[in-house]
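Scrolling down, you'll hit the structures one after another.
The same chain A turns up in both complexes below, where it pairs with chain B and then with chain C.
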Partner chain A sequence: MKKHTILIIAGIKSSFAYRFKIITSLFFNAAYLFILYYIWKGIYGSQETVAGLTFTQTYNYMAVSTILSSLFNSRTDWRMSIKVQTGNILGYYMKPLPIELQFFYEAIGNVMVQFFIVLSPVILFMAFTAGLTDYRNVLFFILSLPFAFIINFCFEYIIGTISFYTESLWGIIILKNAVVSFLSGGLIPLKFFPESVRNVIKWLPFRGVIDIPLEILFGYISNYGFVLKNIAIQVFWAVILVWISRCFYKKSEKALIVNGG
Partner chain B sequence: MGCEMRKSTKYYTKIYLMLISKYVKARMAYRADFLISLIGIFIENTIGLLFYSVVFMRVTYIGGWGYNELLFIYGFLVTASSVFHVFFGNMFNLKTYIVNGDFTKFYFRPMNILFSFVSEYIDIKSIFQVIIGIYLMVISSNTLNIIWDFQMVLLLILLIISSGIIIISTMTICASLGFWVRDPSVIMDFMLKVKDYSKYPMTIYNKILQLFFSIIIPLGFMSYYPSLLFLKNSVVRYMWIVPFQLIVSAVYFFIAVFVFQKGTRFYEGAGS
Partner chain C sequence: MENIIELKNLSKDFKILNKKSGKFSVVKDLFSTDYTVERAVNQINLNIGKGEIVGFIGPNGAGKSTTIKMLTGVLVPTEGTVLVNGFIPYKHRVKYVKEIGVVMGQRSQLWWDLSVEDSFKVMKEMYELSDAEYAENMRIFEEELCISELFDKSVRHLSLGQKMLCEIVAVLLYNPKVIFLDEPTIGLDISVKTKIRKIIKRMNSQQGVTVILTTHDISDIEALCDRVVIIDHGTIIFDDSMNKMKQLVGSERKIIEITTKKVISDELTEKIKGMFTKEHLQINPASNKRMDIICDSGEVDINELLLQIMEYVGIEDINTVGVKIEDIVRQVYEGNLL
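Presenting the complex of A and B:
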């Protein structure tokens, strides 16, 4: 247990070293939210509701979605790719912890600091403006976040293991980012999609990253069944994706050894 | 003797085939990476467009502009972006050069540092973006019944290049911060996102923001203002945008070169 804590703390410490980065990203996130307001105002125009959502509902959704996207973006895929290229990946083998966990704890450390600095004020703000009066929404929302993070981390990790095979991961990462953000609610509230498309999307793991936490945050919290069902879906995908990432890793590890690291 | 000769031929053939296959594999991997990058670019742009498609299933206008007009503006932006990516793509690597110390080699070259840095690398895959952008502009102007003549096409090319220069300048300024700050990637990501937001019409903002996004961060000139000339089907009426566009691109390029030079001098001082 101790070595896990050490790694998380290391991740947090390195976050403090990059406090410039965190403060500027706070500032930039505020700028994105600002522009986002005008974009969606432009989309709504004079309409009261679009896809059954009012402007306030959509904007709140997209605002938290934007923040979550930037929070979860631990760039593990890039880091793995760079470590493989420089050969620093070998250092990870020398540590007494499975490699995927090492990356995971690094990612968490990076995220935890940003979580407190960035997300909390936004949630508080939402509580006032969106009339979020029931603390249970926030509670279950926070409960859903670790699973959302794990799902997103798995995507990055799986892509990262591909870097054991090929040098240039750029195109694949761009592809993954586009697809994930599009299908998770990161670009547009999933309610905007036509019914037929939504029926397909709900079977995919992507909505576990953004849409499910948001449905919980803005949903009718007294319907416990709904909440638990959604969290169960997240857990389901989290477990499956962790298993898949392990498979990918085992296969890719062979390629790493064959290529001489 | 004959036996030995045959053995060595066999041996050499084997070695040769092994070396060749290694080379071919390397080239294939190279080409595979290239193809994957193209697919990545294609999907990224497709999803950007799908955003519009999905939204326009629900609304008819964004900021007063319709789907095809926004398609044109997007195509214009993508083409202008590629001017930056293809020729100034090395800006993304600047921080690596600086951290590694590799950047110092540019001080010893008998030519302008910015020029020599930029000419180290050409991003060929981004030429694909030009194709995508032109395709989008063609199909959207077709639907909008925009009639192109030779002069309009020349004007379009001029404006695309000028927009490209604005994007180049803003990205160069952000990348140059790497001379002072160790990792400007957050700022560069911000600038890239801002550039992406320039696909939206300026009409969504209030007057103050429109001014801000025209002069302080020249969002409007990256694709919206130049596109106006063609979308409104009367080039002459909007001709006044052209000198503004050219002035903005010249001024920002000047600032970019200035900041970059300042950065190189700072780095040089800090290094010794």
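Presenting the complex of A and C:
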């Protein structure tokens, strides 16, 4: 068995240890979606469309975006920070695999279970109710997910390496979560931003996490050019961010003073 | 015997921020570039041969852990060179760590949320052990420790003793050439300690594993180590066999432990001290009815000594022991011997 496989399996098994947490987060998400419905209903009021989107379009977008956000959240930044504080990060240094890969495969394992339990029924639901009639939407959507995951993982990893310097990441993580959810489409659809702001956000990596997969899912699929262009953007950012993560890691490695004698 | 570990002029400096005081000191610290350089390890030279079991001891803050971290590739030396089994630890970490095993008494390398068996399986795959190698090692550990009893338990739920056994098994599983044990028996009961010592001895004698043991538990050192290296303030102050260490205080040294009938007065203590030259006699009043007299036999008139004590306070019980390593080490740490 390959190293990555066993670590992914380890990640999956780890997540089972927190069965209770998965179930409660399911309920939490369901409740959140419920509330979300009424918030957006309120925003729409009696208008047919806002920023060019109907209520159904917006709600569908927000529902899947909420689920994606919680799915991608492997909390790698927290895990790294805690390991540094306890000194258990040393264990990662003692294993014959680059540290970023160890965290990466574990992260995949951690989110995999939730992924299948939560996302699949939602997609099926969408397919029947939201008029997702073209299976190609779902196919390309699924294709875009690994890259979205990688981009999000890089954000978490970069923040995690900062813990080698500062030891307490609480504030930084909250800030990062806010920034990412705001600029990725996790909070409101990016179409709602004014044109000038959207033009800036277009060039940032954040939309690769939520907005691009959703554009693909709900987009006009016959336009292959559109789809491939978006996935290419994701790949581009994924590559750049992996490179940046490595740089951050190399720098922080030097600053690492493992806690305890 | 060829050397498996070579340290040459090894040094490590740390930059310590000079924390400011007064108003807004926290903010000032954030942007400060006022550092002092602290030399934690200073020009260490050390060669360790294959198959040795070396005790690496020193007072808290001596630089032991820093040296071990450089040996395991976690820290990069400021000066000097580190070579372990032909590798420069920090340079080729991923390849290098396959050759070594590290067990740290206060930290865990196992997967917290997995069962013990699952943790071992992850180790098997990460270190690319064949099914046969894994099964064979497991068989031996099963014989020695009945390790399978712990297989289903979650690592989180293990007692400290069980956890340390699992950490050691996990590390010995892939047959490393050198193992670094950092306080492996801290907080453990004597039964578990004995098991651990047995395993280490076995790996050393059967597989030729080189062992570097860092500990404050002197009985570990006595049970396992042929050679002791003492480090203090970042330098090596002693590097020799256990026997040589005993000779630091003279091999004729003994300790006479006397329990008296009455409370020992200062007067008696002074009298006894005055009876002998200070270098040959040391008194440790361990409690007000207990006196430990450390002296060289042959240089003390035991008859006279005991007569005095009997006259003043009477003797309840008396016991003599040979030199205690613990005392030697304490004296070294306190700067009395070297």
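Rule of thumb we're sticking to: the second predicted complex is superposed on the first by the 255 of 261 C-alpha atoms of A that agree within 3 Å, B and C clash if a C-alpha of one lies under 4 Å from a C-alpha of the other, contacts with A are read in each partner's own complex, and residues count from 1 in each chain.
Going forward, a contact is a pair of C-beta atoms (placed from the backbone, for glycine too) under 8 Å apart; a residue touches a chain by one contact, two chains touch by 3 or more.
In this text the structure is predicted, and so the values were computed from the model without any measurement.
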> Touch check for A:K2: first (chain B), second (chain C), both, or neither?
Replying inline: second
> Which partner does A:A31 reach: the first (chain B), the second (chain C), both, or neither?
Replying inline: first
> Of the partners chain B and chain C, which touch A:I188 in the superposed model: first, second, both, neither?
Replying inline: first
> Does chain B (first) or chain C (second) touch A:I43, or do both, or does neither?
Replying inline: first
>> With both complexes superposed on chain A, which partner does A:N199 reach: first (chain B), second (chain C), both or neither?
In response: neither
> So which one touches more of the residues on chain A, chain B or chain C?
Replying inline: B
>> Using the superposition on chain A as set up above, list the residues of chain A that contact both chain B and chain C.
In response: 18
>> Help me check something: in the complex, which residues belonging to chain B touch chain A?
In response: 29, 32-33, 36-41, 43-44, 46-48, 50-51, 54-55, 57-59, 61-64, 125, 181, 183, 186-187, 189-190, 193, 197, 200-201, 203-206, 209
> chain A touches which residues of chain C in the complex?
Replying inline: 14, 60-61, 64-65, 69, 72-76, 93-95, 97-98, 100-102, 104, 106-114, 118, 121-122, 125-128, 154, 156
> Touching chain B in the complex: which residues of chain A?
Replying inline: 18, 20-21, 24-25, 28, 31-32, 35, 38-39, 41-45, 47, 50-51, 166-168, 170-175, 177-179, 181-182, 187-188, 192-194
> How about chain A: which of its residues touch chain C in the complex?
Replying inline: 1-3, 5-7, 10, 13-14, 17-18, 86-88, 90-91, 93-98, 254, 256-258, 260-261
